[in-house]
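The same chain A turns up in both complexes below, where it pairs with chain B and then with chain C.
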Partner chain A sequence: MLDADFFRRWMTATAASVDREAERLTALDSPIGDADHGSNLQRGFAAVTATVEKEAPGTPGGVLTLAGRQLISTVGGASGPLYGTLLRRTGKALGDDAEVSEEQLAQALRAGVEAVMALGGAAPGDKTMIDALVPAVDALSDGFGPARAAAEQGARATTPLQARKGRASYLGERSIGHQDPGATSAALLVAGLAEAAGE
Partner chain B sequence: MSDGTDDKRVGIVLVSHSAEVAASVADLARGLAGGGAAVPVAAAGGTEGGGLGTSAELIAAAAAAVDRGAGVAVLTDLGSAVLTVKALLAEGDELPGNTRLVDAPFVEGAVAAVVTAATGADLDAVAAAAAEAYDYRKV
Partner chain C sequence: MRMLINVPETVVADALRGMAAAHPELTVDVENRVIVRRDAPVAGKVALVSGGGSGHEPLHGGFVGPGMLAAACPGEVFTSPVPDQMVRAAAAVDSGAGVLFVVKNYTGDVLNFDMAAELAEDEGIRIAKVLVDDDVAVTDSLYTAGRRGTGATLFVEKIAGAAAEEGQPLERVEAIARQVNESSRSFGVALSACTTPAKGSPTFDLPPGELELGIGIHGEPGRERRPMMTSGEIADVAVHAVLEDLEPRNPVLVLVNGMGATPLLELYGFNAEVQRVLAARGVAVARTLVGNYVTSLDMAGASVTLCQIDEELLRLWDAPVRTPGLRWGM
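After this line comes the complex of A and B, so read on.
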């Protein structure tokens, strides 16, 4: 079973890897975006860990809804409401239980990913964070390690795609050949989950 | 519909990635609306730090500032502006009760919304007038 501490570790691990990879995320966002993905997410997840530590929510759902709220407030770019909605909706789906099973988490995360798809109107293959998140959720029934591998594979697989959503979509065919920064950061989020599980 | 007093007018919030764009479109809409000076219009542009982007805090503050109990129409420019407003609406308690994201072109929709709100029209009429701005072809 997974308790609130596990979810705090997830957020802390994600914040640390976003911090480490911020320059790379921004570099990926330079040719096809507005070159702020790394710094935006760095600011957002720093606020998440600070708030989650200070307010210490006692349930998994509480940790994620608070984290999502922080991301919406602090990021400033489209990744704020998108990641914010992902975590908040996942948190709401987990409810008030003090501990949740891996199966509950998989189902809640699927609800979160569906909410992101509804908010942004993106589907798999549009060269967005969805291309990392959907395979990760599909693989989560096999464990956290396989979910991380699936997310990383999904992020790499965005390289040959043409963007159909967001700022990169204005570039048309010129978006081909660049790995999507949103899918790349989504893979970091899933890797943080595996790290929290000790995998 | 309104009884003609200012406090019954629909509020308008203009959300842009740029503080200057949001403020200028607000000025333009008020200026072209004639009686629009009586319409509560607030600009929510850029990030709190003054950069390009969208701020959930600025949007929530702007919506609260223009709420007179007759509803708030929110118009946005691109990408994260749209997503942030949708995410705030989904939160449920971040924006005044009768707040609506209006699907409209930013500049033309803002003028149509303020002109319509100045007549004392309700939120449905303001939203419809702003959306109709999409139908005005320039060529």
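After this line comes the complex of A and C, so read on.
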């Protein structure tokens, strides 16, 4: 079973990897976006770890809804509402339980990803974070490690796609040949989950 | 990198402190990033609130004042503001007559303003929204994020702002804003990339002797790269792209907008070519505005925006306005 502490570790691990990879995310965002994805997420996840440590919510759902709200309030751009909605809706789906099973987490995360797809109007293949999140959720029933691998594979697979959502879509065919920064950061979030589980 | 800044992290806050010092007629909340006209809320009047990433100055903070915006929310550089800012702004300017959000069609702006509208309505503030999407360089379809909002934002904010200043009700101000957007189209050209403080190097590599056609206002490259052209050739491409989509029967407002690093000498010269092309196409010009209004940091280049107007829109365009970035008649 997974408790609030596990979810705090998830957020902390994600914040650390976003911090480490900020320059790479920004570099990926440069040819097809506006070169700020790394710094925006860095600011948001730093605020998330500070808040979940300080307010120390006692339930998994509490940690994620608070983290989501914090991302919406600090990140801006499209990433703020999209990542914020992902965590908030996943947190809400987990409810008030003090501990949740891996199966519950997998279901809640699926609800979160569906909320992101509804909000942003993106489907798999549009060259967005969805391309990493959907395969990760599908693989989660096999464990955290396979979910991480699926997310990373999904992010890499965005390279040959033409963007149909977000700022990269304004480039039309010129967006082809670049890995999507949103899918890449989404893979970091999933990797943080595996890290929190010690995998 | 050579930029007149302290550190990238404080660029927006530093600019707001300087803006506050230069414009005592505005209330600038540096901590919460909201710029409000000093006399807000104005009793009985609809308030316009806009916002978006920083780096487009004078858009939007420079358009706060009588006759235009009641408040603006600057985000990080090229990043939309967060909903908390819009809610705070709406609460500061709402007189009970309602608030119109003017939103540029970029995914981040749309999502954050949508969330803000929900939160503000929970607080009992009537909210209407208008989406600006005037950029013809982007083909609009169900499978894209749609056209970008660029130069027409100025037309929408000025004309709807004048309607609000006259005391017209929220539904009417919203309808006018929508009409202005639907009557406006833009096309932009970059002669250089821009440099964001966070990245510290140009957002794309544009070799000397080449230019980007169909750019937005966030340093993203355009749709196509071509060998450098003359001002007249660029005007031909830009105006024809706009007129392919907008076939005005009425006179038009013309905005020849600099992207930030192109001097007025060049912009006026470019405007001469734009007027030549319009005249050749038989398009009558009612008013022309030339300058750096919807910028993209230090990008060199220009955009052309046309807005087909009727008598009422022209009257509202000519109405007095008093903001840091646009001022006439008062």
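Rule of thumb we're sticking to: the second predicted complex is superposed on the first by the 199 of 199 C-alpha atoms of A that agree within 3 Å, B and C clash if a C-alpha of one lies under 4 Å from a C-alpha of the other, contacts with A are read in each partner's own complex, and residues count from 1 in each chain.
Everything below uses one rule, namely that contacts are C-beta pairs under 8 Å (C-beta built on N, C-alpha and C of every residue); 3 or more make two chains touch, one makes a residue touch a chain.
On a predicted model such as this, the values are computed, not experimentally measured, just so you know.
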Side-by-side fit of chain B and chain C on chain A, or clash: clash
Contacts of A:Arg167 with chain B and chain C, given as first, second, both or neither: both
Which superposed partner A:Leu82 touches (first chain B, second chain C, both, neither): both
Touching partner for A:Gly61 - first (chain B), second (chain C), both, neither: neither
Greater residue coverage of chain A in the superposed arrangement, chain B or chain C: C
Contacts of A:Gly182 with chain B and chain C, given as first, second, both or neither: neither
Chain B versus chain C as contact partner of A:Ala35, first or second or both or neither: second
Which superposed partner A:Pro135 touches (first chain B, second chain C, both, neither): neither
Contacts of A:Gly91 with chain B and chain C, given as first, second, both or neither: neither
Touched partner set for A:Gly192, first chain B, second chain C, both or neither: neither
Common ground on chain A, meaning residues reached by chain C in one complex and by chain B in the other: 34, 36, 40, 72-73, 76-82, 119-120, 166-167
Chain A to chain B touching residues, read off their complex: 34, 36, 40, 69, 72-73, 76-82, 84-85, 88, 119-120, 166-167
Chain A-touching residues of chain B, taken from the complex the two chains share: 47, 51-57, 79-80, 83-84, 86-88, 90-91
Touch list for chain C against partner chain A, complex: 8, 53, 75-84, 106-108, 111-112, 114-115, 137-139, 143-145, 148, 196, 198-199, 203-204, 216, 218-221, 223
Chain A to chain C touching residues, read off their complex: 26, 30-36, 39-40, 43, 72-82, 119-120, 164-172, 174
